[in-house]
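Should a chain be cited, it is by its letter among A, B, C and D, assigned in written order, with residues numbered from 1 in that chain.
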Amino acid sequence: MGTIGATLLRAGRRFVSSLPALFGVLVFTFLLMRVLPGDPAVFFASGPNAGKEEIEVIRRQLGLDKPLPNQLAIYLYDVGRGNLGRSMMTGQAVAKDLKERLPASLELTLTALLIALVSAVPLGVLAALRPGSLVDHGVRLFCSLGVCVPTFVSGLLLIYVFYYLLGFAPDPTGRIDIFATLPPSRTGFLIIDFLLAGDLDGWWAAARQLMLPALTMALFVIAPLARITRASMLVSLGSDFVRTARSVGLSWWRIVVTYALRNAILPVITVAGIVFSTMLGANVLVEKVFSWPGVASYALDALLVSDYAPVQGFVLLMATIFVIVNLLVDVLYGIADPRATVA
Amino acid sequence: QSRAETLRYVTGATVNTLDPNIPGSTREAFALSMSSYDRLVSFGRKQLNGKWVFDLDTITGELAESYSVSADGLKITFKLRPDAKFQDGSPVTAEDVKWSLDRCVTAPILGKAQLLTGSLTSADQFKVIDPVTIEVTLPKPDKLALPNLATVYPIIINSKLAKAHATAEDPWALNWTKENAAGSGAYIVETFKPGEQVIAKRNEAWNRGTPDKPAAFKRLIIQSVPEPATRANLVERGDADLVIDLQASDVQSLEGKGKLKVISTPQYNAVTFISMNNTIPPFDNVNVRRAIAFALPYDDMFKAALFGRGAPLYGATWADGKPPSGGYPIPQPIKLDLEKAKAYLKEAGMPDGFSTTFSFNVGQAATAEPMAALVKEQLGKIGIKVDIQKLPDAQMSTAINEKKLPFFIEGIVAWLPSTDYFYRNFYTGKQRWNYSSTDNAELEKIAQEARFEADKAKYEEQGKALNAIHFDQMFQIPIWQAAQDAVMQPTVDGYVYQFTRQVDYRNLSRK
Amino acid sequence: MLEVENLKVTFSTRRGLVEAVRGVSLSLQPGEMLGLVGESGSGKSVTGFAITHLLDRAGHITEGLIRFKGQDITRAGGADLRSLHGAAMAMIFQNPRAALNPIRTVGQQIADAILAHRRLSRAEAQAEALSLLKAVQIRDPERRMGAYPHELSGGMCQRVMIAVAISCNPSLLIADEPTTGLDVTTQKVVMDLLARIAADRGMATILITHDLGLAARYCARVVVMEQGRLVEEAEPLTLFHRPQHPYTRRLVAASPTATSRIEDLVPDGERIPLVAVTELPPPHGTPLLLDVKAVSKRFDDGTVGVADFSMTMRGGESVGLVGESGSGKSTTSRMICRLIDASAGEILFDGQSIGQIPARDFHRSELRRDIQIVFQDPNDSLNPRYTAFDCIAHPLLRLMNMRSGDKLRQRVEECADRVGLPRELLSRFPHQLSGGQKARVGIARAIACKPRLLVLDEPTAALDVSVQAVVLQLLNKLRREDNLAFLFVSHDLNVVRMMCDRTIVLRTGVIVEQGESRALFANPQTDYTRELVDAVPHIAPAPA
Amino acid sequence: MSTIETSSTLRHTAFVLRGNPVTAIAAAGALLLALLAISAPWLTPYDPIASEVSAALQPPSAAHWFGTDQLGRDVLSRLIVASRLDLTIAVTAVAVSFALGSVVGALCGYAGGRLDKAVGRFVDVLMAFPLFVLAMAMVAALGNRVENIVIATAIINLPFYIRFARAEVNIRRNLGWVEAARACGESHVAVVLRFLLPNVLPAMAVQMSLNLGWAILNAAGLSFIGLGVKPPTPEWGIMVAEGARFISTGRWWLVAFPGLALMSAVLCFNLLGDGLRDILDPRMRT
């Protein structure tokens, strides 16, 4: 109980200490967007015959007619009230857009991470058990191959092979077959919602849809995860306490899993946290290729047309998730390693 | 509904609003609004080179059962269909029409600038005569007035519904119509997810199609698929029914396979330019512009960028050097002729060339990038050093609006393509669409005169004069009208090339 | 019970095969405690691991025979091995904290070991574990069951380790340096416990250690190893008083005892002749070389490292600083050496206040070259990217403004000669040098620019006794030749007694006692000092 | 460096490579790549930017080994020339972020205190950014010139180097030899830059070689969304991105060859990492 309390306390403290970073991100994005040479008012006032007047109207609508410090103050005030502004591109409130799209991104990223972890950890362990052997080199090569293909290429290739040539995969157009009926939205995660609704066919359809994009992303992150698993597994296999475990005759499985792996898992958690955060932001390309209605592709489109509010909202969201993931990693750390609570 | 009764249309763009008037509306939003809203009138269709295209000259009633133009051309009277109903079942009245048109010319929305070109500027011009009759008054006869009412913007909105959602700051309920359709159109929007998809079902009560019956497809799915190669795969595998924005190379290969129906129509109302800003040196020198016009690798560009899909606007021969027609655009007597180009450069006092930047839009990269590479290579041969700039869309439009780009690729499109309309809107004034920043008094004068010219022959002469000035001054270089390649399942029928350069879903049916 | 015959172990390494054990034969009776001593690298641990089959993957038994209770287990594997491990023979390792799984509770780990060999329920195993904890005399065993290793002190960890090892009643226990890393006081307690448990349960024990004193105190029989070979086997008294083998002789001589002098540590042949012996204390009235007035150090995190520490030193004087781990010895020496700033107090060197110059700027001070330091661990006191030559030349370049060239080379070689470092080693990198060689480089570096005060922070703690002996002797010689003043930090009281005129005893940053070394150790005034002195294991005095 | 040392370095390198075939292959690949980049202008069979539209989109043949692209340019020639730009981008981006990140990180790790906290905050802000989006925004803001792509890539790599250097220096700052350097009269700054940094370099080499690959991928990603280097400059990422769109029309050579080039480069760098550490670390030497 004491340790849980301490962990929570630490997490809380860490959260508070990351607030300035969030604020920094907020301001920095705001400024960065204004530095972009594109003027959203001009872009969006691009109907035929749009003239100065239309541009002015939009500018006023976006609040761009005010001096920069005022804009910033208004923006901060709005954000404080949970209003992230409106997207010119979709015409919706950014908060609403993000809320609708975040589950898609999260579902994809989490699945990818899961696939990556499930394959990377055993591979890493395998490599660590026989360092320098053929297995080790093989694992290294396999993982490195995954990380050296740009995701958009592997994505397009997977589509070409599994959808176009073989027809195994459903059409790569988003989260669910367009003709399927959606389950009542409870979590926003389709594969969970379908399960809750007891619709197994729907679940299977959603899972199939998820497979290729998740695989594309997973391929890209197996390498760092396997690498860190191998490295920390090597350390913990070589450590004194594993030798102790051997000296008292524990079974092989127990030594590898309970003793070595559980100790080796800490850095893996850290890296998984980092990987998760970067994936969430960097899966723009995968989302584009698979027409996945996620937040990253949303932000990319907005960025290209200098639609400020969505980009700002997206970055803030990502930063918040980053902070939350860090907290989570901390808490996991606390659970996985009793020593962490002392530090 | 069965799959056969559904039309699945995939596109790289997205529908971002249900009200086409909202600033920032996309072309896809326009297309959807054609089906979700009705207008008073609509364009007819005609066959051109064996393909159906919209016909500017036939204007038929849509919500109007009939219309009449007074002899002096100052009054247009519309009789509404008595049986027309909004999608919520309430009847369409003249009040609704007046409110909608008032809104179009007063609210700060896109329709305002458009209707202006048809002399429709004020709410006073619209008068309710009785519940099914409305009268439009014009300050002077304007042949674009009626066509303007067939364009995308003057949608007829269910005014009672809209007013219920109006607020003091937003008297025209713009915020509400953005996300809610309150029209009488052929399709009722069911799901609207900007950036993902729109799903609409057929409005069974709608009967304003050509043979007075509802649209053919029971359901309509408009889906955003950003990756063009994926769109091609979808339609090839039969998962999508229709797509119009494929890459030229994919269209070529799909056409070659012969499994699908491919209808390619040059975009008659659109022109792609290599533009030069006539106020930025050295492009302020007419001879430089001429030199460029004769130094561009037209054929190569056409082949490499468009795979030969479209209508070239170069390589014509004008007998006795005069424009053969008063239409716009017409093919120009320009071609790759480096000797000539060098001569012009010399005349311009720059025999050794100069350096400049050449810009294009990231969104257009698929065609613009090979073009730019070719332009750079060719111009290099006459000493013009070109630095290629690839700009994100918003930056490009901002830079163009601020007249900062000397040399770039751009395109124009006119919904009401008449010669004077093109010249007035794209060659005059300090505004964004005057890409070349042309300021030519003679051109402006003739164009303004032509606007209200009723005599066809005279109009033709004016058009020729404008074309002659254009060629002489070479403000910018029209290069082609790219093709609109509609690729569809062989079963899909009724595709018509529309002024919006989008699909009008109401035209389509399945054999 | 255990018989080992002509055991040979090789390791395949990147540099080819390394023969670590080259023919060891020994035997052990039930209930006997055998000492296995020798210097670092002599193959003690490898012998232990080979017997228990815990060698690294790279290691192989190439020859020999291991018989355990009459059974040949040389090539045992799989299930045999597992039942052998723990149930028949167990091992206790050097660093107890590292040898325990940091993320499992003490109770779980003991229970794991029990469950590996006996069919019990978890609860029964836990109960058994608790009784084991009681057996190793841990205070408050119920509470400790749920504790993690990091929550325990080093001594407690070692007790837990013992509990794990004896959990299945093995008949053979191999304790590989069970007390290195522990305080002298804790060492005694743990060893006593181990001896008692072994006796109670009739376990045969092999005690691996490099501390002859320890072996002498607890073992009935001691074998000495050198470079993978057994060189001598005897009872401790015989061994220490009449060593047969030259290696044993050297080893015995090098181990400091309560009465030994520096000169005794090294066999006659290797003794360095003292040039000028100025045993006399400097005359009264000479100005103080170092005057430390009430300095204290409080770290950023609030820990008080040293509080109100005062001392004085004269030129050529040698002062020892002793105390248990964490008592502030290093902190004090680093403050005096001007590597960190004191939070309060004043330091005068040669009459000048050097405490006022911030440590950040002290490198520019004239006095920098007068105060030099030699560090505890020779392994990390040399820049891995510098050759020995570079290391020694470094202060010359920086503090004496010498340029690279013949003169520098000459000076470096001279220093190397003075510390007895062969010149051909100068081009080597630290990892290519032995511990003793590295220590010499460190000393050469410190004396290169002829300082007046040398601070030595446990300069021999990581060295073997024989190397330590040589280094101590060397230091002593240098001190006398150059009339250097030493501030000598160590936890080995015997060494301090030999090296220092005066000794200061520190405890949690506070001076407990100080005085003339010999007197202080002969007759400690405080309990703390007495405990320190008593805990040092000695080879029993020779029978008269 | 004396000749003794260089020869021992070489011997050591050879030793490491022999013991680790994967690294050896990767090293050979990287070397080949570097040679290719250096001698690119003399190797290309055709002018990489000269178009020949009549010969566009030809499959591999004896004349054009890797086929031709949309403008009839020789894919092989473009590939070879692109190696130059790609390696330049990768190497400069990594060099910039390494130079800046390691120095700042090392100083922070050594000094601790307020500087450390301030920089830590800055790094937090950077880390909290979705990095690829940051790169996109920066390229969009600054214009898609090669320098800007390099800067953007460098900035998004920066936090890793700062953190890494900070951590590595932090654990070493109290080691004997560091204090010894101080006692030998070195200032704090000199200790950090001349003593600590070179010692953390081997560990960072792994990160660097990974980042080299990553930088190339990053540039490719930017190209894919249209923010890559400007045409007609040949660059692998652009070639792959353009070629990827031709997959469905069966013009596989447009994506396959640039894709393979890019892949093998990234693969080499990735696999090189571990070996590089062994080579650079003097402690691994005999």
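Operating definition for what follows: contacts are C-beta pairs under 8 Å (C-beta built on N, C-alpha and C of every residue); 3 or more make two chains touch, one makes a residue touch a chain.
Composition by chain, UniProt nomenclature: A, D = ABC transporter permease; C = ABC transporter ATP-binding protein.
Just so you know, these numbers come straight off a predicted model, no measurement behind them.
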item	value
Selected interface, A-D versus A-C, where C-beta contact pairs are more numerous	A-D
Inter-chain centre distance, subunit A (ABC transporter permease) versus subunit C - centres from mean C-alpha coordinates, in Å	50
Whole-Å separation of chain centres (CA-atom averages), subunit A (ABC transporter permease) against subunit D (ABC transporter permease)	24
Subunit B-subunit C separation of Cα centroids, rounded to whole Å	87
Rounded Å distance between subunit A (ABC transporter permease) and subunit B, as computed from the means of their C-alpha atoms	39
Of all residues in subunit B, the ones touching two or more other chains	229, 233, 236, 362-363, 392, 395
Of all residues in subunit C, the ones touching two or more other chains	none
Where subunit D (ABC transporter permease) touches two or more other chains at once, by residue number	140, 143, 225-226, 244, 247-248
In contact (per the touch rule at the top): chain pairs	A-B, A-C, A-D, B-D, C-D
Contacting residues of subunit B [partner subunit A (ABC transporter permease), same complex]	3, 6, 8, 10, 14, 16-17, 22-25, 108, 110, 113-114, 116-117, 178-179, 193-197, 199, 221, 223-227, 229-230, 233-234, 236-237, 239, 362-363, 392-399, 401, 413-415, 425, 431-433
In the complex, subunit C residues that touch subunit A (ABC transporter permease)	52, 54, 81-87, 90-91, 93-95, 98-104, 112-113, 116-117, 148, 150-151, 161, 164-165, 167-168
Footprint of subunit D (ABC transporter permease) on subunit B - complex, ascending	228-229, 232-233, 236, 247, 249-250, 252-253, 297, 299-300, 303-304, 362-363, 365-366, 369-370, 372-374, 376-377, 387-390, 392, 395
Subunit A (ABC transporter permease) - residues contacting subunit D (ABC transporter permease), complex	18, 20-22, 24-25, 28-29, 32-33, 35-38, 137, 140-141, 144-145, 147-153, 156-157, 160, 164, 223, 277-278, 280-282, 284-285, 288, 296, 299-300, 303-304, 311, 314-315, 318-319, 322-323
Residues of subunit A (ABC transporter permease) defined as touching subunit B within the complex	36-40, 42-55, 57-58, 61, 88-92, 97, 100, 156, 159-160, 163-164, 167, 171-174, 178-179, 288-289, 291, 293, 297-298, 301, 303-307
